[in-house]
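First comes the structure, then the notes that go with it.
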Amino acid sequence: MSVLLEFAMFPTDKGDSVSQYVGEVIQMIKESGVSYKLTAMGTIIETETIDEALAIVNKSYKVLEPYSNRVYSSINLDIRKGKSNRLEEKIKSIESKIGKVEH
Amino acid sequence: MSVLLEFAMFPTDKGDSVSQYVGEVIQMIKESGVSYKLTAMGTIIETETIDEALAIVNKSYKVLEPYSNRVYSSINLDIRKGKSNRLEEKIKSIESKIGKVEH
Amino acid sequence: MSVLLEFAMFPTDKGDSVSQYVGEVIQMIKESGVSYKLTAMGTIIETETIDEALAIVNKSYKVLEPYSNRVYSSINLDIRKGKSNRLEEKIKSIESKIGKVEH
Amino acid sequence: MSVLLEFAMFPTDKGDSVSQYVGEVIQMIKESGVSYKLTAMGTIIETETIDEALAIVNKSYKVLEPYSNRVYSSINLDIRKGKSNRLEEKIKSIESKIGKVEH
């Protein structure tokens, strides 16, 4: 099974520049060993179970909790049985149909 | 602390009518005892911890897993310290500013 | 055709209480005449075309733009041909399967 | 101004493999000339106005409309005044704080 979870999570009480806090969350994800990709809008992780994916969301909040009174998060899940390595394969599948794309 | 979590979760391999599956998820939420509201676009739950809120998302997937090879979910979290009963209070706060609204 | 669009939109540089700004957006939606429901996590509108639905998102940003240097928005669309009045009907459809629910 | 808009849009009545349809949407975006990045969970575009960004969402639906009775979309917007090229710069800003990341 392939669980793709994409999320953004940020404090909403820290002004318009929050990369310091987001950096701490990404650092935790890097150190966790989970497969991930950083994008301009969030982080995509791939795990084998939904439990592992949601645990990363939970830990991300725990990173931000000491700093902030209010935290917002937007999350998308795409869970598919019988697949793996979709962090790479979904883009390749599109490229096999329409040629090279920016990624 | 008030954790508001709104989510939609549905199989994407079951055609355009999925209310049978969604109904089973809502039934589980009803029986869980968590505070919730059904909307036309998903379900909003309110819990005191992020752990409880993410556990409902996890259980929702477990309801759908036997039926479907592919499940999609969109989730938003609004976590705020020092507040409670925001399922009701956020709408009342808007109404205190601009008068009656549809809800 | 029924276009359901749910969205939250808020400044992220105005501290943890943003109901003043959100109130102005809801006021604009009320006055627009579009079918809508306010929830604890955002606003759901129903229109007959995607053009009308996206125009409300655009106008919402124009309401916030003078106040804020940074605005975040999370939006979900559920577009279905051959249906109408889904702001009410989707909840009724669930209730017809599992009985009364909170909404 | 920098408008980052990330979105996924797909038919929900076409079974579990929808890359054919998603490919047509990406093809339209490629040909549009807008700055974009494909990810495993969607497409991120960057424009100078919200009007241009929402026009791409609108055109994406028009690509899918002939094929599908039901289309779902999840969209996030991050709009920030006084910035540009954030498709690249947001990732670099994180890397300047915590070192190299996967992207």
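Should a chain be cited, it is by its letter among A, B, C and D, assigned in written order, with residues numbered from 1 in that chain.
Throughout what follows, a residue touches a chain if its C-beta (ideal position, glycine included) is under 8 Å from a C-beta of that chain, and two chains touch if they have at least 3 such contacts.
Source: prediction; values computed, not measured.
When the contact pairs of A-B are set against those of B-D, B-C or C-D, over half line up by residue number only for C-D. Of the two chain pairs shown, A-C and A-D, the one joined by more C-beta contacts is A-D. Measuring from the averaged C-alpha position of subunit A to that of subunit D gives a distance of 16 Å. Between subunit A and subunit C the centroid-to-centroid distance comes to 25 Å (mean Cα coordinates, whole Å). Among all residues of subunit C, those that touch two or more other chains are 16, 69-70, 72, 74, 76, 78, 80. Chain contact summary for the complex, subunit A toward subunit C: residues 10, 12-13, 15-16, 18, 69-70, 72, 74.
Those residues of subunit A that touch subunit B in the complex are listed here as 9, 50-51, 54, 57-58, 61, 69-82. Touching subunit B in their complex are the following residues of subunit C: 4, 6, 8, 16, 19-20, 22-24, 26-27, 30, 36-42, 44, 46, 74, 76, 78, 80, 86-88, 90-91, 93-94, 97-98, 101-103.
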